[in-house]
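Chain lettering (A, B and C) follows the sequence in which the chains are written, and residue indices restart at 1 in each chain.
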Amino acid sequence: MVDPVPVNHRSGFWFWPLWTLTTAGMAVAIGLVFLYVPDERVMGAVQRIFYFHVPAAIVAFFGVFLLLAGSIGYLWTRDRRWDHLALASTEVALLFCTIVLVTGPLWAKPAWGVWWTWEAKITTTLILWLLLLGCLMVRRYAESREVGARLASIVGIFSAADVYIIYKATVWWRGQHPVVFAPDKAGGLAPKMMHAFLTCMPVFFLLFALLIFVRYRLACLEDRAEAVLDRALEN
Amino acid sequence: MEREPPANAIRARGLTRQFASRRAVDGIDLDVPRGQALALFGPNGAGKSTLIQLLTLQLRPTRGSFTIDGLEPRRDGVALRRRLGVLSHQSFLYDDLTAAENLEFFARLYGVDDPRSRCRELLDLVDLGNRGDDRVGSFSRGMQQRVALARALVHDPAILFLDEPFTGLDPDASRKLCATLNRLRGDARTLLLVSHDLAQGIELSDRWIILRSGRIAADGVSAETDAASFESVYFDSLRRARA
Amino acid sequence: MSETGFIATCRLVAGKDLHLEWRTWDTSTSSLVFSLVVLVIFNFAFDLATVRELGVGRLVPGVLWSVIAFAAVIGMTRSFQLEQRHETLSALLLSPCDRSAIFFGKFVANLVKILTLELILVPLTAVLFDYDLLAVLWRMAGLLLLHTIGLTALGTLFAAIAVRVGRGEALLATLLFPASTPLFISAVKTTGVLLGTESTTSVADWLTLTAGFDLLYVFLALLTFEVVVER
């Protein structure tokens, strides 16, 4: 009897350490953001969203990079595990994209008086969100997981390759406007704010890693469960 | 000391196709010598169509290998496809083109010399010489299957795969198709026929095999098989395979 | 029997698609009528009568390219739906031809169909919105060609995907429009410059971007089409 996808049971061991580290890190980060940093001079308390908004955005785009890697890996080797990586990256990147698109307006309205502006970065994030959704839709509609994996890999590659071009195009589209949403560059942050930001970055990466890890294993187990069920039905 | 086996038209070893979790074709070994007509029987889901799709390079096998006329699919895919003709229960024809236009298109696609006269020749072969300029969409199902057969033969393939070609044909059309196929058998062409019609399958083949759950459950020589009692043989072998 | 090369296969497939189109006028009529309907709706949606006050370059490029995009989606979906009818796509794949050549043939046929549609739509907008097309004729043609190539390349591949998963225009639009955002922005910007109201942005930059986009995606599509259609 051949397993459709080998599930490395030993790798499951890593879940608890990763979870503990992420939870602890997040607790520290939340503590820093709400208790440690001072209010921003101009925008007030709402500026604290920045500490989650920006890392979420960075992590989302990193997820796209992983999606590209997983898609190419799957098309090259046809090993299902690459596809599971691609699927996990798609879903997790979509999640973080959603966080960016929700926290953005929540920050913008009190801070600058407008819910939305078609600024380059936020527009690119919105389009990325749509592209990722497209990948998931193709998977869902496909006649089998295998076909879905193949087609989603292609859409994934096209989308990932597109992200930079979209960004460039949206930057040119808006001309040389000063960018409303750009967080202050590193030099502009007070030292305490810098600490908080530099803590949030790795914590978000940890969260990202944890979610990818869980989703990846879930995908492996889903495959396995389907195999067991089908075999049972056959007999 | 073993002699080199003669080059078979079709030779498969351990051919397997997995669909996520279901094994549609499970470790099939097959040897079909040149010029033989093989009939494939089996219940729905037995893997007959999947086997044909594997052998015609429409699907990639998960495991195992096969050669056609000694050619390997991965290495010699193009040359291999040149040797195959496929007739399916789908007609593979464009409704809004005429029969002649359809055939000419595929003839040119296959690089056939003098496509026009080849198409006329084929239309005559399938008894549609006077309907060449009519839209295929206006044809009856039986006539469409005949054009489809002509299409399958347009490049004079050495091996012909027929996947349930009698589906949806009335008795007269069925008989005509049968007659045409019998004529083809004389050309030293290799035939692989999937059919639900047991009697017709026996009549048109030299050998037969029964597939069940992706494996060969039984096989036999058609000449030695009584068409009338074949039905009980068929159900017997299925029952045995299930055990 | 001779081998059918890449170009010969493209010509055959494109020729067959265009021949079918010539015989049935299937795609052209539905795209054209649809475009006209959308144009009328845009008239009510944006009160296009104000165009003369705002200046032609403000609204017309957006309206024109939206209509082209929607019509293109319809056309490209149909080009693969017709291959599903009697599984003729499988027949094409059974032949010893290069799959990329099959894609390129479909791409060329779609390109011709969409360009023909634009040949009717653009003069129509010149009439409806009263701008001097003849003065910018060749440059307009160049812009149309450059941007349509990219849209068609991406659209043909995504159409193959959308039809493969049993969906049609809606999924194609969902996949195509976000991915072709740079094309769309470039098209609207450069057409706007051409029609005079848009301030002179760097047209050369946009054209370079679009040309690069076109090359990249024609290349990627040629590479990956085989994977889309294999079973």
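The working rule: a residue touches a chain if its C-beta (ideal position, glycine included) is under 8 Å from a C-beta of that chain, and two chains touch if they have at least 3 such contacts.
Please read these numbers as outputs of a predicted model, since none were measured by experiment.
Across the two interfaces under comparison, A-C and A-B, the one joined by more C-beta contacts turns out to be A-C.
Taking the mean of all protein C-alpha atoms as the reference point, the chain centroid lying nearest to it belongs to C. With centres defined as mean CA coordinates, subunit C is found 39 Å away from subunit B. The distance from the centre of subunit A to the centre of subunit C, each centre being the mean of the chain's C-alpha atoms, comes to 32 Å. Centre to centre, using the average C-alpha position, subunit A and subunit B are separated by 49 Å.
Looking at subunit C, one finds that residues 230 touch two or more other chains.
Residues of subunit B found to touch two or more other chains are absent.
Interface of subunit A with subunit B (complex): residues 4, 144-146, 223, 226-231, 234. Interface residues of subunit B facing subunit A in the complex, by the touch rule stated above, are 18-22, 213. Listed in rising order, the residues of subunit B touching subunit C in the complex are 53, 56-60, 77-79, 81-82, 84, 86, 88, 90-97, 101, 105-106, 108-113, 151, 155-156.
Against subunit C, the residues of subunit A that register as touching in their complex are 75, 127, 130-131, 133-134, 137-138, 141-143, 147-148, 150-151, 153-155, 157-159, 161-162, 165-166, 168-170, 172-173, 175.
In the complex of the two chains, the subunit C residues touching subunit A come out as 154, 157-158, 161, 164-167, 171, 174-175, 177-179, 181-182, 185-186, 189, 201-202, 205-206, 209, 212-213, 216-217, 220, 224, 227-228, 230.
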